[in-house]
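Next come two complexes, and both contain chain A; in the first it sits with chain B, in the second with chain C.
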Partner chain A sequence: MTRMPEPLLEVRGLKKYFEIRKGFLMRTVGWVKAVDGVDLAGYPLETLGLVGESGCGKTTVGLCIARLYEMTSGKIYFQGADLTSLAGKRLRAMRRNIQIVFQDPQSSLDPRMTIKRSVGAPLAIHGLAKGRALEERVADLLRMVGLDPQHMNRYPHEFSGGQRQRIGIARALALSPKLLILDEPTSALDVSVQSQILNLLRDLQQRLRLSYLFISHDLGVVRYMSSRIAVMYLGKIVELAPSEDLFCMPLHPYTQALLSSIPSTNPAHRAMGVTLEGDIPSPANPPSGCRFHTRCTYARAECAKFEPALQDAGAGRYVACHFPLSDSR
Partner chain B sequence: MGEKLLLQVENLHTYFYTLQGVIKAIDGVNLCVREGEILGLVGESGCGKSVTALSILGLVPSPPGRVEGGRILFEGEDLLAKTPAEMRSIRGSRIAMIFQEPMSSLNPVFRIGDQMIEVIKLHKKVSTGSARIQALEMLHEVRMPDPEAVLAKYPFQLSGGMLQRVMIAMALSCEPSLLLADEPTTALDVTVQAQILNLMKDLIRKRNAAVLLITHALGVVAQTCDAVSVMYAGTAVESGSVESIFRSPAHPYTRGLMECIPDPSRKSGKLKIIPGTVPDPVNPPPGCRFHPRCYKATATCSQIRPDPVRVGPDHVVCCHYPEEG
Partner chain C sequence: MCPGAAARNYGLREMSPWMKDFLFTIRLVYRNTLAMAGIAIITCLVLVAVFAPLLAPYSPIDISLDERLSPPSASHILGTDEMGRDILSRVIYGARISIRIAVTVVTIGGAVGSILGATAGYLRGRMGSIIMRVMDMILAFPALVLCMVLAAALGPSLNNALLAIAFVQIPKYARLVHSQALSLREKQYVLAARSMAASTPWIIWHHILPGCLSPVLVLATMGMGEAILLAASLSFIGLGAQPPEPEWGAMVAMGRQYLMDHWWLATFPGLAILVVAVGFNILGDALRDILDPRLRR
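After this line comes the complex of A and B, so read on.
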């Protein structure tokens, strides 16, 4: 295996539990284990994809890394510095390096603010620019994402969905971050607009030397964007591999099922083959042992008893399964 | 699949009269669904897919909407000439429907069983007891785990995939000859989408019913449909068999749509794009509505609306300069 450079981002043992409160006294009756022990590393200039079904914890991972959520436990290192132990000014300075772009550009922009104010807000808050300098920086940012700076005094509703997503990206770039967390950045857009935004993101990555954590449930899009992909199921990473390896030869039964459910645009290949039965179980009450055992076609008795750890499978691949798939299967 | 036409939509126009102006949501759409066929209706959001379905069902909200012209022939009868009462009895019996949000068609305060039984009784005029048995049989058929228990549940107690199974069971319980399904799997995960699409295909084939499947996902069409109509800005731009359209898309818009989806075989390099965005439905461009975004538009395109031309035995396109091969 080629030696990897030092990671830009390292996530160790990340857990995020949400309390479930019930009744008049709002007593805690349980915990939603949205993220339950996630380890990840993101390298400079790479795009790390994060995929999985709705509710598996992708957004929560993103929000914890951006430090927009307090985590239940775990560590996050950025350029080797432990973000969880930083405070005050040093934390703020470090946080500038990590920005997030959300799925719904509609709700992430304040409808009463002009584009100039929205995009300039991070700069104003950090006291990095004001007056003419601020305006010039906003104009630069808008140009960078392919918008006409002359429109900076307009309001979000005057823009199309794709344009609003460009505005969201401009705002995330305002503080010159090193890492962008892209949470379903094109899921609310039409395909013809999606390809414009994906091209823009690839362009920006080259020009600004950015690293991406690319969250999506669209596996085709993730494959196109990412160099490596992590697959999540019920709050855990079940497989991590270079993109093409993952698609050509999935090692985890869940990855295999997920891939075979993608509807191919080739009508000659009609095979939504190994489909999963049933729905994803509740993260408030995950199955024992391997969390996938209730839906896994390969499950054996021990799968319900012992939880498989994410293990090195060689060639930069990791899998959490007692009986990983292989060519011989 | 028969050759007989089940549904024919001819030159349909449906407009909405709003404060911003007249929205020409449907502006001359032609469609046909043959008996036992699954027709995909694809296009980007706002192109008029849902309004087409609502027009067929006689459910266009009015005001502000009105069907302004055209014909909708279903089993030889003109639906636009029917009274509201006649349409009510056709909906749910001869034409059934399912929508993206099952919650919007279920009543949150009644149990699943009661709602299913009511629908079956309404259209089949049977006793509560036999309606209940039929409801159970239908839930079995949609491969619902533990149907007895599901009958006693409220809608909010079921997942999106389970609710969509209930909707399919209800829709098919009255043996419709046509099912209108408006983005039935858009809100679901891919694994559940695959379950639901496979199920729909199976049940429909068994009954020899036809489906108008509305979706924005070309993959769903390729995997599920026999034929497809592509819509753009209130018009149907291309239609034909799935094989023919996916092999040789003749409309520049259809081709563009197919090419801007990330393709695993072309991983590096830029994605193809369609420049610009969909036009304002109040002021659509004259001539071919796609001309401001089309790479090969000419002066003719911006002045004259293209008529349908046949480019294959089962393939029609509305373009002055259809793509070849």
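After this line comes the complex of A and C, so read on.
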């Protein structure tokens, strides 16, 4: 595979453990290993998809990259600069480059603020515009996401879910970020509205030269949006591959199981299904060895003992499995 | 924010949901007899205070020793006190002092308490715990006793008494806002604000405090009645308003010595305290029901 340009975003060994506190003294009795050693690289102008079941830590990865959670360990580099150590003014300045679009458009807008105030807030906070200038800029942003600027004095409850998500996108774009973290931006929306939002996002990516980290559990949506996809399971990345390769020939049994869970209209397709049994294990007490071995159809004895590392499988693909799938299987 | 300016540029001004909500609340208040009674009393109090110079037949402080301790009559409807001052005029001017008490105490106590509570609730952790434990310590003392100690330490004057009362009211607001802030801080819009580098004070001011407004409003209304009562109590024991100020509590205290033979000295200012305190309390009660989303309509 040809060498990609300098990565825009690089995540190395990201770990985020949440404490479990119990009892009167609130002693730490354990850790929920929400994210347990994630390595990722996002390149300029690409969309990197991040998929996994709910609870696998994908949102936590997004929030850590945006420095909304203090990570337990690991490093995050943005345009080669280490974000992890930033604080104060420099962290403030950096935040302009990375913005988030949240999952729930209902709760991501303050019901007591007009759209103008919500969308204009980032500009006001950074002292970029006020008064008329701010109003103009908000109007531009609203037009950019396909909303009527005349409605800027309305309140969030007067908009539909899709419109609210557009407002959330407008707010995220206000600071002209380079990287947009899209945390399940469409999963709270109707299917018909989903496609509108996705097309808007693609369009904006072209026009504003944005890079996306697209977090979702919806494989169809991720495939449509992403050039490369990382599959997460229980706080780790199990497979990372260019979009089409991943869908045509999954290397990790978990990816395969995920893909076969997509409902298909083609009866010939359905046969090859491998269904996942059981629930996702608790991240507070993850299985030994390969975390997927408890649910893996191909698991062998070694899988419970040794943890597989994410290894280069050629052609820009990476897989964390002792016995990666191949065409023959 | 200036919605008017925006209206000129971008078409029709929309009626905000808060405006609609406010109008709906007005209608509920209108239908609520208790609330209307409270509003009537408080409106009377405000009108009397504003028009005191027009309503009062005599000066509230001019002494007229010839007429001392005269019973209610045509010339002095509520009688005169031991210095010959007209009690009706003093009660009327006392309304001004009462409003000053209510407004000062609730403004200082409510503002400081809300900000402390919002800060503690938003930050949680060590800082939040320290703030809330200090609040608990203040609450552990009976309000009046703590007021007395503070007022005595600051020196007897009405302003010092008001400071003492405001201080004692702080924890009530802090606890209320704290609990509200704990739930508001988990909203995604707070996370969004942090992602765009909003400072902690910005988030507290723009997202947390506005969300706590309506319960604070209820508490403030009830707190006004309580403030007037506390101030009257402090004045009664000589720690609040000093003579010759026409403060109702101080008037009751002076009149107490004459209660046996000249009942009108203490009775009328006492009645004024009662009516105003009841007025604020029933309005507060009614507002609580009206603003409670579960009891609305």
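Worth pointing out:
Just so we're on the same page, the second predicted complex is superposed on the first by the 321 of 329 C-alpha atoms of A that agree within 3 Å, B and C clash if a C-alpha of one lies under 4 Å from a C-alpha of the other, contacts with A are read in each partner's own complex, and residues count from 1 in each chain.
Convention: a residue touches a chain if its C-beta (ideal position, glycine included) is under 8 Å from a C-beta of that chain, and two chains touch if they have at least 3 such contacts.
These figures come from a predicted structure and were not determined experimentally.
Superposition model on chain A: chain B and chain C are shown accommodated side by side without a clash. In the superposition on chain A, contact of A:L175 is made with chain C only, not with chain B.
Once chain A of one complex is fitted onto chain A of the other, the partner contacts of A:Y155 are limited to chain C, with no touch recorded for chain B. When both complexes are overlaid on chain A, the residue A:L276 reaches chain B alone and has no touch with chain C.
When the two complexes are overlaid on their common chain A, residue A:P263 makes contact with chain B while staying clear of chain C. Put simply, if you stand at the Cα centre of chain A and look at the Cα centres of chain B and chain C, the angle between them is 80 degrees to the nearest 10. Judged by the touch definition given at the top, the superposed model places A:L83 against neither chain B nor chain C. In the overlay built on the shared chain, the residue A:A121 is in contact with chain C alone; chain B does not reach it. Superposition on chain A places chain B within reach of chain C only down to 11 Å, the least C-alpha distance between them. The contact surfaces that chain B and chain C form on chain A in the two complexes do not overlap at any residue. Those residues of chain C lying in contact with chain A across their complex are 1, 3, 5-7, 9-14, 16-18, 187-189, 191-199, 202, 206-207, 210-211.
The touching residues of chain B, when paired with chain A in their complex, are 44-45, 145, 159, 161-162, 189-195, 197-198, 216-220, 222-224, 242-243, 246, 256-258, 260-262, 264, 267, 270-275, 277-278.
Residues of chain A touching chain B in their complex: 53-54, 160, 162-163, 190-196, 198-199, 202, 217, 219-221, 223-225, 244, 247, 257-258, 260-268, 270, 272, 275-280.
Chain contact summary for the complex, chain A toward chain C: residues 63, 66, 68, 91-92, 95-96, 98-100, 102-104, 107-114, 116-118, 121-122, 125-126, 135, 139, 149-155, 157-158, 168, 171, 174-175.
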